[in-house]
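The block underneath contains the structure these notes are about, expressed in structure tokens.
Chains here go by letter, A, B and C, matching the order in which they are written, and residues are numbered from 1 within each.
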Amino acid sequence: MKPPSGAQPLLELRGLRKSFGASEVVRGVDLAVVPRELVFVIGPSGSGKSTLLRMCNRLEEPSAGEIWFEGQNILAPGTDLNAVRRRIGMVFQSFNLYPHLNARDNVALALIHVLKQPREEAHARAVESLRKVGLGDRGEAKPAELSGGQQQRVAIARALALEPAIVLFDEPTSALDPELVGSVLAVLRELRSAGMTMMVVSHEMGFARGAADRVVFMESGRILADGPPETIFGAGAPQRIREFVASVEHR
Amino acid sequence: MEALISGFFNLQILTEAAPYLAQGLAMTLMLSLVAVPLGLAGGLALALASTSRSRLLRWSAVVYTDLFRAFPPLVLLLFVAFGLPFLGFKPPAFIAVAIAFLLNTSSYYGEILRAGIESVPGGQHEAARATGLGRWQSLRYVIVPQAVRNVVPDLISNTLEVVKLTSIASVVALPELLYTARQVQSVTYNASPVIAAGLIYLVLLWPLVRLLSRYERQAVSIR
Amino acid sequence: MQGLIDTFFNIAVMAQYLPKVLEGMVITVLLAIAVVLTGLALGFVLAVVRSAGLRVVNVLIVLFADVFRAVPPLVILITIYFALPTVGLRFTGFESAWIGLSLVLAAFAEEVIWAGILSVPRGQWEAARSSGLGFAQAMRLVILPQALRLTIAPLTSRAIVITKNTALASVVAVGEILYQAQAAYSFSYNPSPLTLGAIAYLVLFIPLVWLGRWVETRFAWKR
């Protein structure tokens, strides 16, 4: 997999491995993401794609390999992990909004305590962030009062507010009712047009076809294919991948 | 270090004290074996009373429970132990202690069981009545079994408390474990018996404490 | 009937010893507040330390919690006041009661708060740390607010139980209510002071029982 010529990778994974006890879940993955790219990672469950994603901000610690982000090896001892995590945003399958805070405070929390912004400024930015995901007027609402799609959009606003260099999405729509998925995908599309670098683990094939710059297919801890959507979804794609795509879209 | 061992873990004194401590332990166990069933029975009666249709019964149950949960057990014990003789009864120490314990523990068990009964969905009672079971039958075969199952951790926790509570009987000279330990201590001027008593309680109750820890974690997450 | 009143509710005797009992109430309240503050604080610190995940420290914390939940409070008080002097550590009655009851409350509080912390979904940690918050920040801003909501009810009821245990301090010569009442009883050979003491306790603790019940219902199903 070669990055588009000339572009320097923002995030580069080299020979990444992860074992849980005796079972090796990620078996030597090389992957590079250049700025403004939307990389889509697909594959059967158990293929290690979520684990791979979670290693990128060290929520899971790799067993072997290197991760280079913005030119530095973030696995090196002495790395300021909190500083790195300010630059890498993460959106989770189960949203993980803070239930005891309203939407605005969910978004503003890191602004105040990580970026050390004054309260008013943080609140203003938070509301602006919410506006970008279409929820500017719901700042006062607690997570429990919002639908799943709205909660996920707040989660995205929360990740965006820190103005990260890249946002990681771990199956962002898998926990949503079908009719709410569209609203979240719309936000992803907008982010892409605005030039945000994104890595998305997901089953949303239609979205991948239309919006992804690159699609990566993983199985059993390895990358089997990595290229523009046509190479994965087109007629020339390997048998295994075509089977997988068909089985998912059949749902 | 030397002083610690001879002061707290003096083998010679402990060997001499062992038979007395054993008797004390037996008394502690006997007291527990009396207090727990009595308390449970009383508690069940209270819990059932609090579900009664009679407002008087419900109200009495609440007053009783609040009263004996507010009363420190040691105070209650002394009240019973010193007060009864003035009323003309001169019961042996064990009976006085048992009475005080009954009053105290039944209010705690009662509160736990009442909460347990309330936690059983109302639909259970309706379903039981719909199949023709009478009120008492529904309570006995459907509600109470579920109620108890729901509050097992709290029941265990309270039982643990009751066994620990037996130590206050030492204040009225009932020869349970703590009393015997203190007796030996005052005679030998050595604290080893008391330390040993503490260790015996620890060994006796540690499994319950571990069990309770596990339950507590589940309970908090379910809440 | 008259005899009963003369014995247990003798106004003259009660009036005579009322000042002493009132003094005792002050001590009871002071001791209770001191114990609750230090006990909860220590339990809180231990629970937070435990979540940092250092294995050796955690084993010690669990050991501490198990010991102080398995051994009866009275045994602990007596050990501190009567046994420790034999190895050179001398504490006053009040200090012994304060230390002993605080340690007991801390042990229970640590377990409850720990269970609360555990029950906060892992995703909350991940979301907080993913946005660059440090361990302490994540704890303070995200985890603890959620954990503590679940623990308020059990903590309140534990704290109330411990405040009633202040009566045990009378055994180590602390001049709280029971001590004064007992002294008055032995001087006057009339149990009315004991009744007075009982009333004093009820005045202090029935509101606490109501508070506990209110807290229980208010926070019961809040998630």
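Keep this in mind: contacts are C-beta pairs under 8 Å (C-beta built on N, C-alpha and C of every residue); 3 or more make two chains touch, one makes a residue touch a chain.
Quantities reported herein were computed from a predicted structural model and do not represent experimental measurements.
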item: Chain centroid nearest the full-protein CA centroid; value: C
item: Chain whose average C-alpha position is farthest from chain A's own; value: B
item: Between B-C and A-C, the pair with more C-beta contacts; value: B-C
item: Whole-Å gap between the CA centroids of chain A and chain B; value: 55
item: Approximate Å spacing (C-alpha centroids) for the pair chain A, chain C; value: 48
item: Whole-Å separation of chain centres (CA-atom averages), chain B against chain C; value: 18
item: Chain B: positions in contact with at least two other chains; value: none
item: Chain C: positions in contact with at least two other chains; value: 223
item: Residues of chain C that touch chain B when the two form their complex; value: 4, 7-8, 65-67, 69-76, 78-79, 82-84, 86-88, 111-112, 114-116, 118-119, 150-151, 154, 161, 164-168, 170-171, 177-178, 181-182, 185, 191, 194-195, 197-198, 201-202, 205-206, 208-210, 220-221, 223
item: Chain A residues touching chain C - in the complex, by the definition given at the top; value: 57, 59, 82-83, 85-86, 88-90, 92, 94, 96-100, 109-110, 113-114, 155, 158-159, 162
item: Footprint of chain C on chain B - complex, ascending; value: 3-4, 7-8, 66-67, 69-76, 78-79, 82-83, 86-87, 160-161, 164-168, 170-171, 178, 182, 185, 189-191, 194-195, 197-198, 201-202, 204-206, 208-210, 212-213, 216-217, 219-221, 223
item: In the complex, chain C residues that touch chain A; value: 121, 123-124, 126-134, 137, 141-142, 145-146, 149, 223
